[in-house]
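Heads up, there are several structures right after this.
There are two complexes below, and they share chain A, which is joined by chain B in the first and by chain C in the second.
So, the complex of A and B:
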C-alpha cells in the first residue's frame, strides 16, 4: 500500500510541476489542471476500494462531474481570451502589468 | 446582465461560501469553493473587455489550482487516519499542503502575485466581491486549522505579507493596485494572531472587510480609478471627508476603528513574549500608511487650479444604492474603538 499511494501521489506532483513550469500555451495549463483532478479521482477510488468504504466511489463520480464543469469553464474563458487577445500564448497575456 | 441570471449567480456565490463555513467533511468544502469560483466567472467577465477577461482567467486559474491542491492535501490524511473530518488532521504532509493551498487562495505572500493583477483588471463592484467576500471561506478554513495545529508557516507568511503590502504599494498609480497591496498587508495582520488566539482573528477580519468595503464603494461612486483622477473627483464634500477618515482608519491611526487591527496583535505578541516580530509589522504598516496618506492628500488636501467651466456639479454619483451602504459602514471606522473590550473576553 505504501508503493501504491506513492505512485498516486507522484501523479499529483507531476500535475503540480506541469502547472508551475508551463511557459508557452494556456491550453497545456488547463490540461495539467485536469491532471490534478484526475489524480484526485484515482486516489480516492483506490482508497475507498482498499478500505471497504464503497460510498466514496459514488463520491468520486461526483468529483469527476465537478471537474468536468470546471474544465468547461476554463475552456470558455480560453475562448473568450482568444477572442479579445487573438492569441493563446501566455507571454501575450500581459495587459494587467500596468 | 439579465436580472434573473445575476440573482442566480449571486445566490450560488453566497451558497458556496456558506457551504464551506458550515461543513465538517472535506467534500462540501471543496464543493463550496468550486461553486463560488464557477459562479463568479460570469459575473466578472460578461463585459468582454480585454482587461476583465484576462483578470477573470488569472483568478480562475489560481482558484482552481488551489482548490485541487486543497482536496489533494486532504488525501494523505485519509491514507493515514481513514477520516474525512476537517477537525482531525494527523499527517504533517497533509497539513502543509492544505495550508499552502489556503495561502494561495487568500493571496498571502509569498503567493500574492496574482492579486494586484486581478484586482486592477476589474471594475470596483467586482473588486468588492473578490477582495472582501471571497476571502471569507478560505480565511475560515485557515483559522479553524490554526485551532488544531499551530505552525510557524502562518507567522512567516503574515510577516512577509505585511512587508510586501507596504513596499509593493509604493510605486503604483492605479488605485485598485494600491488597494490590492493594502489588502495583502491587512490579511497579514489578520492572520498573525492565528498562531496564538485564532478566535480573535475573526474580529480583525470583520473590521478589515467593513473598512475595505466602505473604501471600495466610495471609489466606485466617484470612479476613482487612477491617482490622477483623485484630485478631479466630483464627490460630495462630506464623502471626501469620510473617504479620508476611512483611509486613515485602514492605516491604523488611534482614535479610529482600524486601530483595533493593529493594537490587538501587538497586545497578543507582547503577552506571549514574542517581541522580536513586532518591528516587522510596524515597518510594514508604516509604509502602507504613507500611501494611504498620499491618497488622502490628493483627494482632500489639494485643490488643483482649474478653469471655472471644469467645476462639475458635486451631486453626481454613479449609483444611488451605494450611498446608504457607505453611510452604514463608515460609523464602524469612527466608533470602532469602542469594540476593543470584546477582545479582553478572549484573553
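So, the complex of A and C:
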C-alpha cells in the first residue's frame, strides 16, 4: 500500500474515532464528522483517478453536496441544543439520563 | 518530495481536528486538511475537484461552522494541548512513512494528459444524470427548510434574545 493510501486511511480512521470517542464539545464531534466526509471525498477521488475509473468522480461531487446538507442539519441541531441547555458541553446535556 | 510534505501536512490537520481540546483549533485543523487535500487532488490532475472542494468546503461550509459556533459554542474554551497534538502527528507520520514504504508511480503525479478527467465525468451529471442533479437540488431545498425550522424552534422572534 502506498503512502497516499495510508494517509487517507488514517484520516478516515481518525474521523471515526473522533466521532465515537468524544469528550467535551458537541462542535468538535461535528467537526470530526466533517473530517470523515472530507476523507471519503479524497479517497474516492484519488482511487478513481489512480485506477482510471472515471464514473466515481461524479459520485464524489454528489457526496460533497450531501455532506454539506448533513453539516447544516447538524449545526442547526447544535444551535437548538445550545439554546435550550445554554452550553455546548456533552456532560451537561444529561436531561434524559437516569 | 514536496508532494509527500503536503500529505504530511494533511495528516497534521487531521490530528488537529481529532485531538484538540478546543473546537476552534479543530476548525483550524479542518481548514488546513481541506486545503492540503486540494493540493493533493491538484497534483494528481483533478484540478476541478480541488476548486470545488475549496469553494464549497472552505467558502461555504466552514463559514457556516464559524457563524454557528459564534452563536452557540463556549465563549472561553479550555486551554489547547498543542504539544500533544504535535506528538501524535509525529507518531502517525513515522507510522505512515516507515511502514508503508511504497511511493506512488511517477506516471500518476503531475500527469499532463489527465486534467480533463473530472470535467468530462461531471458533464454526465448534466446530460444523462439529470435526475441526480434534480434530487440533489431538492435535497438542498429540504435541508434549508429543516435548518430553519430546527434552529428557530417554537419561537416566532429572532434567534437570540440576550
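Just so we're on the same page, the second predicted complex is superposed on the first by the 96 of 98 C-alpha atoms of A that agree within 3 Å, B and C clash if a C-alpha of one lies under 4 Å from a C-alpha of the other, contacts with A are read in each partner's own complex, and residues count from 1 in each chain.
The criterion applied here is as follows: a contact is a pair of C-beta atoms (placed from the backbone, for glycine too) under 8 Å apart; a residue touches a chain by one contact, two chains touch by 3 or more.
Everything numeric in this text was worked out from a predicted model, so none of it was measured.
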Once chain A from each complex is brought into register, does chain C clash with chain B or fit beside it?
-> fit
So, A:73: does it touch chain B (first), chain C (second), both, or neither?
-> both
Partner touching more residues of chain A, chain B vs chain C, is chain C
Which of chain B and chain C A:33 touches, first, second, both or neither = first
Identify the partner contact of A:5: answer first if only chain B is touched, second if only chain C is, both if each is, neither if none is.
-> both
Give one of first, second, both or neither to describe whether A:90 is in contact with chain B, with chain C, with both, or with none.
-> neither
Name the contact category of A:25: first (chain B only), second (chain C only), both, or neither.
-> second
Partner chain(s) touched by A:54 [first = chain B, second = chain C, both, neither] = second
Check the residue A:17 against both partner chains and state whether it touches chain B (first), chain C (second), both, or neither.
-> second
Please work out whether A:43 is in contact with chain B alone, chain C alone, both, or neither, and reply first, second, both or neither.
-> first
Taking the superposition as given, tell me the minimum C-alpha spacing from chain B to chain C, whole angstrom.
-> 5
Shared chain A surface residues [contacts with chain B and with chain C] | 1, 5, 15, 39, 62, 66, 69, 73, 76-78, 80-81, 83-84
Within their complex, state which residues of chain C touch chain A.
-> 4, 7-8, 10-11, 14-15, 17-18, 20-23, 26-27, 29-30, 33-34, 37, 40-41, 44-46, 49, 52-53, 56-57, 60-61, 64-65, 68-69, 71-74, 77-78, 92, 95-97, 99-104, 108, 114, 117-118, 120-122, 124-125, 129, 132, 136, 139-140, 143-144, 146-148, 150-151, 153, 159-160
Chain B residues touching chain A in their complex are 27, 31, 34, 37-38, 41, 45, 48-51, 53-58, 60-61, 64-65, 68-69, 71-72, 75-76, 78-79, 82, 117-118, 120-121, 174
Could you please specify the touching residues of chain A with respect to chain C in the complex?
-> 1-7, 10-11, 14-15, 17-18, 24-25, 27-28, 30-32, 34-35, 38-39, 41-42, 45-46, 49-50, 54-55, 57-58, 60-62, 64-69, 71-73, 75-84, 87-89
Given the complex with chain B, which residues does chain A contribute to the contact?
-> 1, 5, 9, 12, 15-16, 19, 26, 29, 33, 36-37, 39-40, 43-44, 47, 51, 59, 62-63, 66, 69-70, 73-74, 76-78, 80-81, 83-85, 93, 95-98
